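One chain, chain A, appears in both complexes that follow, with chain B as partner in the first and chain C in the second.
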Partner chain A sequence: MPRRLQIGGATILVLVILWYLSTTVFGLIAPGRFPSPQATIDALGHVLFRGYAGGTLIEHIFNSLRLVILGFLVAVATGVPLGLLMGWNRTAEALINPVFLIIRPIPPLAWIPLAILWLGLGDSAKILVIWFAAFVPSVINTYAGVRTIEKPVLEAAAMLGTPRLRFIREVLVPASSPMIFTGLRLSLQASWTTLVAAELVGAFYGLGRVLNVAQQDLYPGMILVGMIAVAILGWATTKALGKLEMRALSWNQAAALAGRG
Partner chain B sequence: MPKRIDFTRSLVLGLGGLIAFLGLWYGLSASGIVPPLFLPTPFEVLDRFIDLLDRRFAGATLPAHLAASFERFAYGFLLAAIVGIPLGLLMGWFRILDEIVSPIFDGLRFIAPIAWVPFAALWFGTGIGGPILIIFAGAFPPCVINAYRGAKFVDPRLIEAANMLGTPNRRVITEILLPASVPSIISGLRVSAGLGWQSLVGAELIVASTGVGYMMVQGQANLSTTTVMSGMIAIGLVGLALDTALRFAERLIERRRGMET
Partner chain C sequence: MGVIRFDNVGRVFGSKAKPFVALKDINLEVSNKEFVAIVGPSGCGKTTCLRLVAGFDFPSSGRVLVDETEIRRPRPERAVVFQQFALFPWKTVYANIELGLRNQNVARAEREDRIRQILELMNLEPYRDHFPHQLSGGMQQRVAIARAYVLDPEVLLMDEPFGALDAQTRVVMQEELVRLARRNPRTVLFITHAVEEAVYLADRVAIMTRAPGRIKEVLDVRSIREAEKWDSYEKIEDVMDLESFVHLRTHIWRSLREEKAAAAA
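Then we have the complex of A and B:
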């Protein structure tokens, strides 16, 4: 086993033991402030089998995950093409950039009250907010990605008279894909943060709703379960995107090499 | 090839884009296609913004709300920098610390800052302590990561040369490692200011009883779209000012080191 893994594992083991000792054995931390391991497991059992805040854990997870994926996809489907357009076409860039510069400094979370005003507490308001949040990183990084394409590549494509669609599919997108994926990762992160915040502000289901109700009930075990669930989902979706990136970019590298050879 | 376009043309196009954007907004709301309750005209928002400068809403004027928000932000951000930068540097210099802290840090990183809201409220209340923890949660990771990178990627030849010349350890730190990490630290601070500011807005939407976020929630509850939008503008302006100031610091340091590109 590599040294890093050994030390990491030992650290986490020590932390869990410290957690157990300080809450359960010595009572250094009041149960109303931070839950003991037992209380956390009980809370997990509670939400898993009996349900809490309007649904079981699986239902809450499903609901949050669905909204994140929907919002993320809408943002990517609109953001990446806009970024490509702005990177490629100077006129479009000059036209859109100032509007973008005005909207960009508004933090994603600041859209939440407006979304609630417009669409209420349901799913559509969440998707709208996630869209706003995840849209900006998609656009900016795609735009920056197009700008990293080396001039000779573009000139060669132009000289060979590559048709526009083929040019987009075989030059523009592959060459900027490393940056596009950076943007997608940031977009995904923004999607999760925004969804959790939006659900904390007001929702009927979802992990943010669990956190919110647990806070009002002064239920530390459930708060911890909600936070861990959010962290695991964030980690899992990031990993899934990473896998996708590896596949997409390995193809891209091969294509780039073939093109160069 | 994207064609270069000259400055006047891009200015005209940019203005055109802005006018089209504002015109569309105005048209939608003035013509009644979208009810003014949902989308007030840009002029109404501007009126309200100016009005809020000296009229109290949700307990204070807009500048007073902003001051309250900024105070929280300053504490949380400074705390993140004071704890995060030394931690990152030490992790970069001492492998064992890196191996111990990294697994904990990586686990915590996936918790969206906003998911700390329930514990923040439980531990520190909703006045200033709770929001500070949330800002800290948002601003801390970039401080650590960039200080770590700065320390890790110091040119090893510099350290080898210093060692060969018999430089004492303390001087290696103050004269090589620290200066070499500064640019990375500054860009980390910029990222963390952005994330901290955004987390603050989220925290205020949910738990606070003063601040711009709180003002926006009250605006939303009173169906005052103009107030919500004024809040968004104020948040965007402050965020932009913060970013500009730190960007300026970044440039200044790069220039002093002759690293200007």
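Then we have the complex of A and C:
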């Protein structure tokens, strides 16, 4: 095992022991405020096997994950092309920028009431809210990525007679891809934040729903299970995106190494 | 064909209130398959001249013509070797060189053939699958040259193409370019700081003044080269020893030194 993992594992182990000591052994924290390890494991068993807040843990996870990925994909599929267009075309930039100036200061979570009002408590409202939240970082960073492309590279492509579609695919997109990926990472984060918030406010399933019901039931063990599940899922999806980025930007990795070396 | 003509060309940068005259009254004709080198102090407008022919920039006054038509946009028939390479960092050496050929719809087999030849010529074969950042500056520059050469363009525009090379590689590339130019002549506009390089490579050398850049003097190297039979020498250093070569070189040096002195004054 690599040394970094060993140290990380040791840190987590120490935290769990401290947690165990301060709750179960010494009773420093009241069980009604923060659950003991045992209470948390019980809650986990409860939601895993018997179900809680309308479904089993697997069902909640599946539902939240599905919505996050759907919302994220819709946001990226619309945001990146719009960012490319704004970066490339002065007219598009002039037309669209004012809209952004108005929309940007609105916190994404502030859209939730409107989305629920329009679309109810189902999936479409959640996807709409995620789209609002995750769209902006994708657009802004893609746009910035295009604007920072070095002019000689664009001129070289023009000199070689590169036709438009090929230019977009093989020059514009790869040249801005480091910034595009920055946008995607921020979009993914925004997707999780808004989804959990939206599910807290109103949902039939999902991890946010678990958190909300557990709070009403005064069930700290279940609250912690919900939080840990969200954390693990957020971490795993970010990791998956990172893997994709590493692969897509391998040429840039080489650049970073060359720059450092 | 490939006749370049600067017709009273001027280029002014900056604002109306604070104009900066980069080029003034440039008149120069490069005939078909002629090799013309431009030398001049840094910032005198050499790159600007080249960009006008490439179609990246346009004159503020006068006209720049290729085969008597005004230049409107970049074309692969006027291939450029950029001062800062301008390679595509996300493409391998092979893919960098291949893009122009793909754009011209050259069949895959022929592409492979032509790229293999050019890689061999440039001593780049072992690096065909490398990314630009894995290469030294000199190798990157050779890729940039290969990317232009492979198109077999009517006009080659080269902006200090050997600037980043070490002295040995530079000499090899110069000899190679001469061989190439003799075997397969093109119209070449070649910018350099190196006076010897200009004299060795060019049919004519244009000397520019410091900003606002004008053409101060155009030297006919070709007639001297032919009269003194430079081409009968295999190696660059043998040519550089000839009295006729030294004479020309010194003349250009003096001319450039005057410009630097004037700039300092």
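Assume the second predicted complex is superposed on the first by the 240 of 261 C-alpha atoms of A that agree within 3 Å, B and C clash if a C-alpha of one lies under 4 Å from a C-alpha of the other, contacts with A are read in each partner's own complex, and residues count from 1 in each chain.
As a working rule, a contact is a pair of C-beta atoms (placed from the backbone, for glycine too) under 8 Å apart; a residue touches a chain by one contact, two chains touch by 3 or more.
Small disclaimer: the values here were computed from a predicted structure and weren't measured.
Applying the stated contact rule after C-alpha superposition, one finds that A:Phe204 touches neither chain B nor chain C.
Set side by side, chain B and chain C differ in how many residues of chain A they touch, and the one touching more is B.
In the superposition on chain A, A:Ile106 contacts chain B only, with no contact to chain C.
In the superposed pair of complexes, A:Pro174 makes contact with chain C only, with no contact to chain B.
Contact with both chain B and chain C is seen for A:Glu155 once the two complexes are overlaid on the shared chain. Of the two partner chains, chain B is the only one that A:Asn97 touches; chain C does not reach it. Within the superposed three-chain model, A:Arg166 lies in touch with chain C and out of touch with chain B [touch as defined at top].
Chain A residues 155, 158 lie at the interface with chain B in one structure and with chain C in the other. Remark: chain B residues 1-5, 9-10, 13-18, 21, 38, 96, 99-104, 107-108, 110-119, 121-123, 194, 197-199, 201-202, 205-206, 213, 216-217, 219-220, 223, 225, 228-229, 231-233, 235-237, 239-240, 243 touch chain A in the complex.
Contact residues on chain A toward chain C in their complex (touch as defined above): 150, 152-153, 155-163, 166, 170-171, 174-175, 177, 251-252, 254-255, 257-259. Residues 54, 56, 73-76, 78-80, 82, 84-91, 99-100, 102-104, 131, 133-134, 147, 151 of chain C are the ones touching chain A in the complex. By the touch rule above, chain A contacts chain B in their complex via residues 3-4, 7-9, 11-12, 15, 32-34, 88-91, 94-99, 102, 105-114, 116-118, 151, 154-155, 158, 192-193, 196-197, 200-201, 208, 211-212, 214-215, 218, 220, 223, 226-227, 230-232, 234-235, 238.
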